[in-house]
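One structure, pasted below without further comment.
Order as written gives the chain letters A, B and C; numbering starts at 1 within each chain.
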């Protein structure tokens, strides 16, 4: 455990050093530019538009962060040969991998956390309110974002045990888009409406492919209703468990592949 | 090394099963209920970048841009593009109540012919859109109110439904106060006079209670208005003999609804040109405000407003349904209805047609209702009073059959076709004036 | 004394487009405990591949190997050894002290032991004054010294150093060399892979020269370089004699009026001396010279290349 934490700590430190300030600055700037103009564009009340918009920006930013952070995790270590100093110590490869992953996830938590703070501050200023009812939903969605991005990071790490960074980017991106679409696609095509082959494929995909849509409480159609029923928390809880279980799967597969890999 | 590997494989299998069960059994059903945004097929209308953006959490923004576009199309008169776009916007952002409300309004009111008659075939679509919006916005009054309003104002016939939707609307938190009294009007049109009284009384009490606390001028105005509404209603119930009937003394006292107004309804239908008809006639309610509804439709196409389950967002373009609320003035009406310039609205594909005239006391304004009552007890007509088509009411209703050949002036009707109702007399020139000089209903 | 490293037919095969290539080809190597072993070879000879196999970072295609008496797949052996890769970059955002703590944690060294060791090693590699600086501010030599320090955290019995002096300035060379010699005094086994021959020549007890994945030469350095050459310094040597010597295949160089003759001892040196004397020259000194490692290396590698060509 000491080893895992030590590796996680350096990974976090490095990630933070490299990117965080720039990212937060950019996101903050984006908010400031976008927020006053955005409500003009929509027929809907400005709070919903603003929250969806800004959380959308945070989502995209964190997805890019999660992928860039993890895609280069192993290649960088190998290129700088630090991995040899680590693997020649009494450190299991599994420990190395887990440490690297935990480090990236902590970095994501820190970054999403900071972006959320910027977001809440921006909202408080724009809407001139500190009402918890207005600001709390933003936090809730950020929490789900952490799970979603952790899953994305695990996926990118898994691919990085056998694919080159370019291939990895492509694969992870593809899975992210597809995984976000999983539920509506399955809903539409799983019944075999588009033919039995497509239906079966869709079912299989829905069972196996990491379902990022499961972790999305943004844009919930009757989310208001779900909040009143208290079922949103159930949904979030299920989603979080799903993410953890799926991350477990990806980590075990990554460990198997990484044990075999010659670095 | 062997042992932990086997253990890991075991855990892996267990986790794979667990994620599958979790996703299929627990998450997906709730997603479908709470988070599904409907038909993905709609996504075909998006450009790839819009689609991508919509998937990555910027749906609201894309929806906003498309909504601006929708408005453009509407103002250019490209109505065909409006419905799919509205669908797309609501798919992207199903919590935009404004889009449902405005979209349904466009669909129900604004697709019109050259003479500004709206295309009633679209009303089920508007209702369908609103009902879908309601599904996604159940805890807010707005779309309940809009749906009720469509029944109350546009359909203006099916007041049961209007009441049902308004009752939902006023029960939602945050409903605007001035929107609450509409329910009392809907009750009256639905014939539920006492329910209207109870509701007026409740509104009055609420306003009085609020004023007792706040003592500010705005609530005072509201309180005064509610008091006036309640009083007016009580006065009307009294003068129209509502209480008299209940007490069994209606016949004893000279209520306003006694000595019935003779509607004296006669009409003439002329096919003056291909797909152009002229309806003229006499009408015993000389003051303004009472419109006679004139419908020309396929004989087998009695449009039901309520959308059928599974209705997709298109209309049956082979069907013809024309509705014109005839403006009456000085005891007569005269209207040239030109259906020749809008072939998509008036296809005339069937062989047989029905032309209907209909007037309900329920949709009449209060000053006319004061004479004829809520249920038409104060009106009479030699020929066309009907107490069957609207149970519990005496309405004016009559219809004549027309054929395609007659409307298109074909075959033996090349020179036109004229139908005169029994007792029809040509209107004298004396009354052909725009000046409203006949103010009284007592002839 | 036991063997620190022992390989038997250790082989690593890679598939390339041209076919299978044995990067390490049936390597048999024995390194004794307590010696400094030089593992030499041109670039691409298979040095780093061998080390990585010994460290279980890559896996042999055939053959076996033991390190400190244990199979290489036994990861517990990593507690007793250390590895300093060629030109590693350490996490640049960390300070020297943080780096040592990080690697200390990887060895599972607990506090306060870890702090004590870190301090001690920083003194040892002469970085105690720069311990608080970030690695990004370290010079190459300092980075190499902090690398050595981290590799000493577990008090290893066996140290693998891959090109430990590559790219360093002369002063840094000396510093690293001195440190390595110090390790031997402490009883550690040091396995140096390098092509910095002058360094190896100065510090190694035994060397192996590897070429095309095979051992071309192996033995104690003093034996490998023993004998070989004689250096004769003379004065007043007539030009005719000088030219004759050149013809006989001796290296002759003029330094002022002195002539230095560098001849392999396989040639008749007595004959040269007689020839100079009888022509009126004066012999100033006769010195037996060790072979230079560079010569041995070039001979071995070139010989190998020629052999390979013959084979082909």
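Keep this in mind: contacts are C-beta pairs under 8 Å (C-beta built on N, C-alpha and C of every residue); 3 or more make two chains touch, one makes a residue touch a chain.
Source: prediction; values computed, not measured.
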Exercise. Considering only which chains touch which, label the overall pattern as line, ring, star, complete or other.
Key: line
Quiz prompt | Chain closest to the middle [Cα centroid of all protein chains] | solution = A
Quiz prompt | Which two chains share the largest set of C-beta contact pairs | solution = A-B
Quiz item: By mean C-alpha coordinates, which chain is most distant from chain C?
Solution: B
Self-check item: CA centroid of chain B to CA centroid of chain C, Å
Solution: 94
Exercise. Measure off the straight-line distance from the CA centroid of chain A to the CA centroid of chain B, and report it in whole Å.
Key: 47
Quiz prompt | Of all residues in chain B, those that touch chain A in their complex | solution = 8, 11-12, 15-16, 18-20, 22-24, 26-28, 30-41, 52, 55-61, 63-65, 67-68, 93-99, 102, 135-140
Quiz prompt | chain A-touching residues of chain C, taken from the complex the two chains share | solution = 52, 55-59, 75-76, 78-79, 81-91, 93-94, 102-103, 105-108, 147, 150-151, 154, 160
Exercise. Spell out the residues on chain A that touch chain C in their complex, using ranges where they run on.
Key: 2-3, 5-7, 9-10, 13-14, 17, 80-82, 84-92, 262-263
Practice problem: Sort out for me which residues of chain A touch chain B in the complex. | Solution: 38, 41-44, 48-49, 52-53, 55-56, 59-60, 63, 177, 180-181, 183-188, 206-208, 211, 213-214, 216-226, 228, 231-232, 234-235, 238-239, 241-242, 245-246, 248-249, 252-253, 255-256
